[in-house]
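Heads up, there are several structures right after this.
The two complexes that follow have chain A in common; it is paired with chain B in the first and with chain C in the second.
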Partner chain A sequence: MKKIVMKICTGTMCHVLGGAELPEMAKDLQIRYQGKLSVKGASCMGHCKEKENRPPFIEIDGFVLNDVTKESIVEYLDEQFGYDREE
Partner chain B sequence: MKRNTDFFIDIDYTSINKHGQIVCGDVFLSRREKKEGRLAAVLSDGLGSGIKANVMATMTASMAMNFILADQSIERGARTIQNTLPQDEIRKISFASFTIIDTGYDGDTRIIEYGNPQSLIFRNTARISFEQSIDMNPETLTVNSMKVQKGDRIVLFSDGVSQSGIGRDDMPFGWDIEALSEFISWNIGCDSQVSAHDLCRKIVTKANHNDHYLPKDDITCAVLYFRDPRSLIVCSGPPYTPDKDSWVADYLANFSGEKVICGGTTAQIISRELNLNLEIDLFSGFEGIPPVSFMDGINLITEGILTLGKVSETLSDGSYLNLSEKNPARMLIDMLLLNDQITFLVGTKINEAHQDPNLPSELDIRRNVIKLIANILENNFFKTVDTIYV
Partner chain C sequence: MLNIWMNNLVMIGKNNATLTRREIQIRLWQMLGSLSVANLDGMDRISLEMRPKKGSSMRCCIYKDRAVLKYKIMAMLGYNSADETDELDRISDYFMDRLQQKNQSDVFLTVVDEACSACHKKQFVITNMCRGCEARPCVMNCPKNAISINGNKAEIDYDLCVNCGLCQKNCPFHAVSFIPVPCEEACPVGAISKNDEGIEVIDKDKCILCGKCIRECPFGAIVEKSFFPDLYRDWINGNHIIALVAPALDGQFRSSLPQVYGAIKKAGFDAVAEVAWGADKVAEMEAAEFHERIEKGASIMTSSCCASYNLLTKKTIPDLESIKSETATPLKITASMIKDKYPGYKIVFVSPCIAKKKEAFEINEVDYVITIEELAALFAARDIQPEMCEPAEPVLVGSEDGKAFAETGGVAGNIKSKMRDVFDYETLEGFDKASIRKLKGLSNSSSSSQKKTFWEVMACENGCIGGCNTLVTAKQAKRMKQ
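Coming up: the complex of A and B.
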């Protein structure tokens, strides 16, 4: 089965605006999705230069999520993996 | 005179106060005279311990330093100090003893000793003696001279080191000079590149151990290590115009010495220009500092402004020792302090995303932060610093 690749931006802007907590959370996510999720770090991906978006950013299989929180990432990934949140 | 760049004097000292004292009665001063290409150092040990000893030692050391800086002959200086210093009324001995070192970057070295234990010289692991030793006065002043070579170390210490452990069954007369020499040789044998900083700490720690961690006297040891200069380049920030990218990458690739990149975007530029893979260790962030990355041929890659800000902040107030060794800022500080000639290659492009007033004020302009770090390294840590703006 193909893994979903999540890239976490470790740039300065993402770091100060909440991204600092994401690597720790990623460890939990890998357990939650039982090896179906691969997590990588990325240098500044440049999305912060676009004024309409707000850091922190992550990319999930190339799709950019902005202003992410732990909740919004889990919500998005649950949807991708077809998890039912009510369970 | 331009400093001979293939000869560097690494110098450091460590002191421990006598148990129960709040100040140290030993004083060590050193000064580099860049223009004249020489280095002068004085170790003075005040009689007794505590404030009085400290005042006497400080006075002696600063007098000696001023004599050297005023280009007076050090023999004359030493003699004047000897005559000026008050004597203890009961014991009829001077209130402070001293060792003065005057060394040039050409290797000509003179050591004047008065009352302190004899300084030791090591060539690799072997203890060597001075080429010339003149006793100016049978009971007091000795002038030693020699031509040092690259790799030599001079170890100075107060009697707190040589008399540590005195009265113990296994060392009734303290730490014998032979045993001390053996200890130093052994340490140099274990690590032939051991820095002045590490060596003097090892000696002082062992002396403290001899005294069962309740030092009976002030313990001070200073080490001068004559060696090849170590060079480090810190590349931070994208160049003002992108057409300089390849120049920066080439400069970095061709630099001989250790290499550091500070900044994610900078690392991406170098990775692209040199066609090298850049990999991030996502979980290496520590104490609020973003994680480090890896690239072939680069010793350390950190984030930019937050890391540099932390470096400047903790270097200026000395609190960097409190940072964990896993902290990327501490890794960078350790590298800065281990090297002698540091080049900052600074890209001056301003990151517009950082100028938002709602962001934390730590997001200072790179150029300013690096200027601060360069000043601290030059003035407090005696590094040779070059800054190149692109």
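Coming up: the complex of A and C.
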């Protein structure tokens, strides 16, 4: 099965505006999704240059998520992997 | 006793008011263009851009939000609502006024009236959980007879209540709730209190600029003056500028320290010097000083590098002055070296906290202070990525020991390793009401105590890396040090 690739922006804008701790969740995420997810840090991906977007940003298989938090990332991935959050 | 609630109040990390402040800082720098073109019109539009029509608001509506943002920016520029002669005055007007050096006040903290939500006065409240029980421990235990039962529910007479909390402690139904005023709870020296309108006011004679209120106010109403206009002025005037970096800068970015220095140079500074260099000197001097004091019969000496602690000994506990080291701060020592070596350069300290703004204001060696947060906002605005920058060498380099000054135990550990005398050391980190009491006790015990003890005193938990103007939590900074 092909892994889902998640890129966490480590650019300055994301770092300053609430994303500083996101790269540290890589290990926990890989454990939670047992090898089905590949997490990478990425230098500024340029999404902050678009006015409507709010940092911090991540990309999941090329799809851009903005204004993310640890919780919103897990929520999104749970849905992608079909994890039942009610359990 | 109030410390029990204090612990629940500490907001660290996720805090939208902090992000708002950083966003303002970034947007201000963005309007200041590359190096010489200021977009004054854009500066006036920041509040509109941050709260666009049809967008969501933090308060009742976007219009109130925009007004609050405007006053927050004014406060960053060093003006408060009392300075406002005409409500139509623009941010750019204040900015230009500041550029012309008209604002030279030493007020570093402003309560933005419009943002202060005038939190309810600190009090205990009887909630609906009250059953009007027969035992009535609230009534029975109240030392001021402030509680009565009215219609099967307890009621507090606030004219009599002294906020002792015994009713809360004794209620079996947890029906008594404590409503704090976060800034007042956080202030270790009682410098912030309400005026007649319920708005918080800071007593400048008591304030030690520890920055706790900035962090704790849920409305982000307490704003510090920024020296970014001074930095901008020096750039457009073509002055040479040297950045003196605090040891606490290490671990703030996801790149090596030399790369952060590269980023600082890319942002327009001519050179970088490590204040850790001065810290090395301080360690030697303080060790020698303590040795000398011990020979003269003293048993206690405290450190003197924390700017907030230095304000505390000056304003609140003068008795501590006699047991505090007389050695200059690492900043002062580094800056005077740089001033000799680089005459004519503007000397800017990159600081983890606000108290250093006051220290720099009072000494001749340093021109002004830019916080780590403000530096990062400058990087963000100019699209400078430290991890992509060429490493740069500082003109003054500190040792690993000097760099350790940024963390709790670093100063004391250094002194200990440099002294022949046998002594204990204690650390006091993170000012709150309890630690201030402890310090008061320390000043009284100095003569009777026989045990030789060096006290390292730092206003922030974990030391400077826990400063109010850092980017990441102290824990994360420790992990990110490379």
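One rule holds for everything that comes next: the second predicted complex is superposed on the first by the 87 of 87 C-alpha atoms of A that agree within 3 Å, B and C clash if a C-alpha of one lies under 4 Å from a C-alpha of the other, contacts with A are read in each partner's own complex, and residues count from 1 in each chain.
In this text, contacts are C-beta pairs under 8 Å (C-beta built on N, C-alpha and C of every residue); 3 or more make two chains touch, one makes a residue touch a chain.
Remember, it's a predicted structure, so these values are computed and weren't measured experimentally.
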Clash or fit, chain B versus chain C on superposed chain A: clash
Comparison of chain B and chain C by chain A residues contacted: B
Partner chain in contact with A:M13 - chain B first, chain C second, else both or neither: both
First, second, both or neither for A:K3, with chain B first and chain C second: neither
Partner chain(s) touched by A:A26 [first = chain B, second = chain C, both, neither]: first
First, second, both or neither for A:K40, with chain B first and chain C second: first
Residue range of chain C overlapping chain B upon superposition on chain A, of 385-393, 421-429 or 439-447: 385-393
Intersection of chain A interface sets (partners chain B, chain C): 10-13, 15-17, 20, 23, 41, 43-44
Complex interface listing, chain C residues touching chain A: 13-14, 19, 22-23, 26, 253-254, 373, 376-377, 379-380, 383-388, 471-473, 476, 479
Residues of chain A touching chain C in the complex: 10-13, 15-18, 20-21, 23-24, 41, 43-44, 69
Parts of chain A lying in touch with chain B, wherever the complex brings them together: 8, 10-13, 15-17, 20, 23, 26-27, 39-44, 46, 48-49
Partner chain A, residues of chain B touching it in the complex: 264-265, 267-268, 278, 280-283, 285, 288, 290-291, 293, 303-306, 351-354, 359-360, 362-363
